[in-house]
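There are two complexes below, and they share chain A, which is joined by chain B in the first and by chain C in the second.
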Partner chain A sequence: MNATELQRPASARALGDDTDYGTPARAGAAVSLTIDDREVTAAAGTSVMRAAIEAGIEVPKLCATDTLEAFGSCRVCLVEIDGRKGYPASCTTPVEAGMVVRTRSPMLEKLRRNVVELYLSDHPQEDTPGTNALRSLAQSLGAGAERYAGGATHLAEAKDESNPYFAYDPARCIVCYRCVRACEDIQGTYALTVSGRGFASRIAAGQDQSFMASECVSCGACVAACPTGSLLEKSVLARGRPEAATVTTCAYCGVGCSFRVETKGEGAALEVVRMVPHKAGHANEGHACVKGRFAWSYATHADRVTRPMIRERIADPWRETGWDEAIAFAAARLRAIQAEHGRDSIGGITSSRCTNEETYLVQKLVRAAFGNNNVDTCARVCHSPTGYGLKQTLGESAGTQEFRSVDKADVIMVIGANPTEGHPVFASRLKRRLRQGAKLIVVDPRRIDLVDSPHVKADFHLQLKPGANVAVINALAHVVVTEGLLDADFVARRCEQHTFVHWRDFVALPENSPEAMEPHSGVPAELVRGAARLFATAGNAAIYYGLGVTEHTQGSTMVMGIANLAMATGNVGREGVGVNPLRGQNNVQGSCDMGSFPHELPGYRHVSHAAVRGQFESAWGVPLAAEPGLRIPNMFEAALDGSFRGLYCQGEDLVQSDPNTQHVAAALSAMDCVIVQDIFLNETARYAHVFLPGASFLEKDGTFTNAERRISRVRKVIEPLSGYADWEVTQLLANALGYPMRYAHPGEIMAEIAALTPTFAGVSYAKLDRLGSIQWPCNGAAPDGTPTVHFDSVAHGMGKFFITADVPSDEKSTRRHPLLLTTGRVLTQYNFGAQTRRTENVRWHDEDRLEIHPVDAEARGIRDGDWAGIESRAGDTVLRATVTDRVAPGVVYTTFHFPESGANVITTDSSDWATNCPEYKVTAVQVTKVTQPSEWQQRYRRFAAEQERLFRSRRQSDAAVAR
Partner chain B sequence: MDTANLVKMANRIGDFFAALPDAAEARAGIAGHLQRFWEPRMRRQIVAHVERGGEGLSSIVREAIEANRQTLAPDRAA
Partner chain C sequence: MPPQHWDTPLDYEVYGALGHVIGHGSVVVHDDSVDMAQMARFALEFCALESCGKCTPCRIGSVRGVEIIDRILAGRDRASQVIALRDLAETMQHGSLCAMGGMTPYPVLSALDHYPEDFGVDHERDRTAAAR
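Moving on to the complex of A and B:
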């Protein structure tokens, strides 16, 4: 092989390859050397250890692992190198051209055996169900514990079992530092150190605290890194060593981590032992967070409903029944409603947690079987402004980069997102880049962790008032335009000139200056100027944003403002830059891609587009409606009006997650047929007439698409507990309605999607198995997918600027409601908590709290832990208060993971002008000290208790779960 | 559907497009947005409201709807 560039990206790993190569991969020029008389080639910078293992030569190791930089402490990987004295550690020695290495010799065997025997002298004899590299190494070297027996040991040290998911057994620790390094370099939390020296060196969490009491966020990176099973999953200790593994994708957030589901037993006796992050996963590269890694027991929780149920009215007890009867009941009711109230009087909601195939079928059911376009999805309430805003400006309804792109960013701006809580695996990657020296600008009303964390500090924190997003983005743009910081060359080459000129003249107006904006935004002008200059001049600038951008009356406007800024500074269309929406749910991107919106067919083509509609009509065999359908908030309005009376809701909990709970409940109560398909009896099911049991991700076969447009396989490990996969249930309903669907396998559904959707044309299960994952667009022009989206591969080819005038929200603080409430998430609870509340994660967060600034708290006589009543124009509820200066005076904050908190009783119908995305992030409220739950909460408790009783007293079906 | 709500939503759409320098483009933008994203019963209702005087609507929104009545609500009662 000649000295050509080995341009393998640093994380390349063949599918199914779980080899530990010892040290991280490098990209660089090829270097030739000899190992054990063999010619070997490796990229410059690679360690001798890795070069050997890549060539199939075994090198023993204990403190080395390929997810961490070499450490050189265990002294077991020693090799002989011609011309060098002694026995260098192969992990810390980089390859050099012409090097001659021996990994085997009598002296090396002797040295290694000696080192291992020293370790064995302070190591338990008993086996552990976890893998133990020390024990395996001892066996292969023929080393025993006898030589150094009799000295002091750590065998009697107490275990730390404080964490619900893993245990730390100090007796097995060999102080290789892998856990410490993992917590630092991979996770970035720095919760672990080694305290003491010499024999007294021990792993310590926090300030010599238990794991649970320390800053540990339970990501499990230390457990994955531990070579001896000193840190080990409790589920492995309880259930024993796993026997098989299936690679699948996490069902929590939009990072879409790849996991190996490790199982034991077969068929009915199969049990999941643990979830291990998959190193070859392109989104996560072997890392995970507490939720995906450990909080999966909800899938087999006792609350799982596995039999269909029906009832005539929601005041009646539920009645368990067979599938045939439940489906027939639902179909008959839906058709009866249409007969009486018209074709447009029913609709459906697709799930952003179900697979692409399942979502596609639900929207197909609505369009082809119901005959209307009344279909929508949860993206309505989170990222629909992203879809609208990015389509207008950049021409595509999705982010432009992959997560890996942050490794090349020089300045990162995070707006309205809290990645360390909401997208933790991505946040770890982001923090690593920040530790390397990239700069950080945070735009958030709250002092999120990213502003000030171990080894990470924001260069600018623009702590704006809720509702001032557009003011701030315009002010930033004003600085760029008026201080000569535009990337004129990029704008001239890649953007529409006339829209640019209009926009430039608009932001240059004095009223858009940081000084003019300051009273409204609450951000000092010099901070805005400093942040803008940094963004425009530091090199590659990337913007990451979340629901703090979209869930506003000007959500779409703000997305366009972000795109404007990115284009004006030339930060689109290559690695290290871009506009990056941090999509929330595991498949919300996919749900949108699959045509879940009422106005778009799969692939974001408007329903009025005759040619496209014609293709679908041809394929589906029925005429399709050409007008946009009802969005979720419109469905509620129409229900109260009496013109919308039937709903098929798959995998969404509208009553808990949509704003203005009382309004939603009233709307559902007004309907004649509400069908809920879910894994638990959720809040919406309390208003349902038909409950169809759904399947968890462990029971699913299909694909999810993450925030990187990355389509990954979800592979079934357990048969659906209810007897049917979610897509099969939709198919049953379609057939009962007289619209034939005959798919035998989800792969067939994906084949249909690919045939009808140009951006998916090249996607197939075979290709997914071969490549591991595919980022759309995937078609003739890009057969293996598209990591970074450039303008020339999107619809209109040139970037468009849009004028983003600031229009204040209706939610302004008044004398009656002087504070502004905003909302967010925590790491350990997920969304409305249906999954995580049913796991041990409640140990970290078991109630939603109201964060209030000390000044505001004192004025109201509220102390930390007191009950606080929060009231808005929509309703009132009660939460316990946390007094903190993370929020500014005038701003309060809460999470919404528990239904009894009623956070959404307070949020209003205020919504984004373009998409109706609710303005969860700004609600004018008053807070007072109270002594009892709110009237809503009392009513909620009574209603919830009654619905529980109706469920528990259900007439149970004697029939076995029949197919 | 609550007319007051539709009026509020329509006005907010108007607020965005009103920033465009060309008034005709702004009106076309407003009408286009309603056409593409509002379900027919919502469009029929707002057109009917405009025909009754359009109380509460900003002038640019009222003009945009008036000029595009036929496309927005082709099958409304005369």
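Moving on to the complex of A and C:
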């Protein structure tokens, strides 16, 4: 065999391959050796164990697993190697050319049996529903523990059942350290260790605390790693061993983890036992977080509304009805409104949680059946500036890299994002790279966990004031340009020269220097200079950013500023660099791709583009409006104005997520027909006339697209509780409106999308099944998709620089509102909590709290746990205070996972100049100590209670849930 | 080490050729009233005390070794427990991750081999019984 390079990327796992190869894959020159008289080849650096298993030779193991580096503690994988003394462990021995290995011999069999016998002497006899590798190994070796009967054991130790999702049974623990290693190397939380020594060694969480009391973030990596079921899902203990599995994609965040939904039973008796992260998943590679892994019971929660409901006025009780009547009622109302108020008086909102196919159908419904372009999506309120800003500068409305790219970054800048809370599986990957030595710059008004946590410490934390993003990015660019840190070669080759020159001269102005910006930004100039120098000189520099960048009046400006900086330093267009928007929702990227914006058809083509519009017109069989329609904020304005009166809202809770709640509520109240399609009765439904029950991700087929532009399959596991998947409901409505839709399966919808959208041209369900996932663009030039958008292709076009003058927000601290409020998320709750509030995750976070600095708290007589009233020019609410120095003086912070917190009552309608993305991240507020809930909260409680009563007293339909 | 070898020069290879082992430098001095079974037990007990706990042969084996010697001294299942002790010794010698578990069996085995009477073991009698 010739010594060719065996290039095996880190996740070269074939789909459907569940083999555990024992130790991680390596890439390197081919090495030939002999194992059990067979010629075997493996990449240099591969363990003998892995080389053997890859060649089909079984090697017993307990402490080895291929998601973790070799450990060498169980001593069950011993082999004989010619010329070497003793019996080396095959997991910790790398292959070498010409090695002669034996995995079988009488001595090896004896040693293995005796080691397993020792394990068994301290292990329970009874089985649990979990799989037990020790027991299987004992059976195959014929080992029993009778010789050691009566000795000391750990069998009487108490279980730790503190975590709601998994239990730890110390009696079953074999101290293989897999859980500890998983918590360290895979998750990066370092919550677990082994306390005690020798025989007394026991797994301990935190400082010998219960799991719940420790730093454990309940990601479940330890449970997945445990070979004996000592750590085991409570759902498996309760329901028994799963029998079948379906691979699908998580419906929480934009990482888009791939999961095996493990089930038991069939048909009506089918139940989900657990969700196990899928090792072959390209986005997550076998890891997950507490939400996707454990918080899935919301899908079958008692609050699920499974029958359609209608009512004449929102003050009326709901009336359950059959699908036909509900759809007919909705269609008739919508047409009546159009007849009276014009074609543009109704519109729709697509969901960033529903599938690509479903989103595509909603915008098609609006464009083809309603006849206008009044369609929008929740990306409006989160990453719309990304779409605008990156399209202007880099030419594409999406990030340029895949998550794996961070493995090659040398310096990472995180701006306005909190990945350990919002994109935990990506954060684990990021932290691993940081532990390997990459540098970190964090730009955030709060001291987020990433700034200082086990084995991770930011080299620079630019703790800026909310609203000062553009000042800081300009100051960083100023340093790059004036200190000779430009990548002149890249700029000359790949960027438009005239835009570059204008930008360079602008950014070099003295008013953009760190010193000049310091009073406005609150960041010391020498920190800015240090960070800029590090970014420009450390090698591969990557920027990751989130809503702390986009949800500002200057969101689009800041995105362009980020792209400018990346281009100026040559950090675009290869692995390890790039501009990476951390898209939040499971399908917000997809929703944008599918043409959910009022001005864009699928594939981000403007509706005014005659040729493109013509293609859609002939495919859809109707003329299409050429003028952009209403954005969500415009819809509200128009509703209050009386010209917009009907709305079909799928999978989106406007009342809770949009800013200025009172404004939104008033707008909805002014409409004649609000149709809400959702899995729960959400806040928006309280203002609805038609409620159409939705389907969770477990109940439908389709695709989601994550933050890496990665399209993955969603596969149906249970029949829709309401009888229909969301796409089927949209189809019913379209047909009732007289626009025929006859899709039999979402695959047909994707085929239509592929036929009409060049970046999706090569996407099909067959290809998705074959490849597992596809990153768009996927077309003739890239038939298997595009992991990294390479900037070097001429077809791509040149990068453009944009002047990013700092136009500070109107939300400034004043005497009346001296503090600045910013918002964010926690790990265990997801956005406005519709799903996670209905799971055990409330054990970690059961209310939104206001973080306030000790200096500001003391000045107001507020102590930790006191009720604090927060007032802005838009409204006021009350939250309990947490006094902490995570925020700087002058800044307060809250989360918004609970509707009664009313976080959006206080946010204003200030928004991004280009996209109307609301400025959630900066609101001038005053905080005072109070003793009772705010007036809004009291009104909210009364209104919510009344709507609850109207729901509970609904006239229930006897009609079966018929299709 | 039996009296007939006491004049052996203190040399690693020479000891090795005799099937004995020199440790890392500690010297234990005792007189002829010593109970070698207790010394063997102490070797295992010390191993259990010092064990880091990473590998199973030492972590569990050292504890089991003390239990086995206690059974042998109490006369419970003596013949089969002696076999178990030898098996355990072999497992620890060849299976341990480091030399602590790996070397502990040497003094235990040499005590058992050369001073069986302290264990209440008669090799001749046991061999004959096994042959029958």
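Note that in this section the second predicted complex is superposed on the first by the 957 of 963 C-alpha atoms of A that agree within 3 Å, B and C clash if a C-alpha of one lies under 4 Å from a C-alpha of the other, contacts with A are read in each partner's own complex, and residues count from 1 in each chain.
Note that contacts are C-beta pairs under 8 Å (C-beta built on N, C-alpha and C of every residue); 3 or more make two chains touch, one makes a residue touch a chain.
Quantities reported herein were computed from a predicted structural model and do not represent experimental measurements.
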item	value
Touched partner set for A:Y604, first chain B, second chain C, both or neither	neither
Partner chain(s) touched by A:G629 [first = chain B, second = chain C, both, neither]	first
First (chain B), second (chain C), both or neither touched by A:Y724	neither
Partner chain(s) touched by A:T553 [first = chain B, second = chain C, both, neither]	first
Touched partner set for A:D909, first chain B, second chain C, both or neither	first
Partner chain(s) touched by A:Y544 [first = chain B, second = chain C, both, neither]	neither
First (chain B), second (chain C), both or neither touched by A:A805	first
Contact footprint of chain A on chain C as seen in their complex	48-64, 67, 80-81, 84, 87-88, 90-91, 94-97
Residue ranges of chain A touching chain C (in the complex, touch as defined)	72-75, 78, 86-87, 89, 107, 110-111, 114-115, 118-119, 121-122, 147-148, 150-152, 174-175, 177, 194, 196-201
Chain B-touching residues of chain A, taken from the complex the two chains share	344, 373-374, 502, 506, 553, 556-557, 598-599, 606, 608, 627-631, 634, 637-638, 640-641, 643, 803-805, 807, 810, 909, 911, 913-916
Contact footprint of chain A on chain B as seen in their complex	1-2, 5, 8-9, 12-13, 15-16, 18-21, 33, 36-42
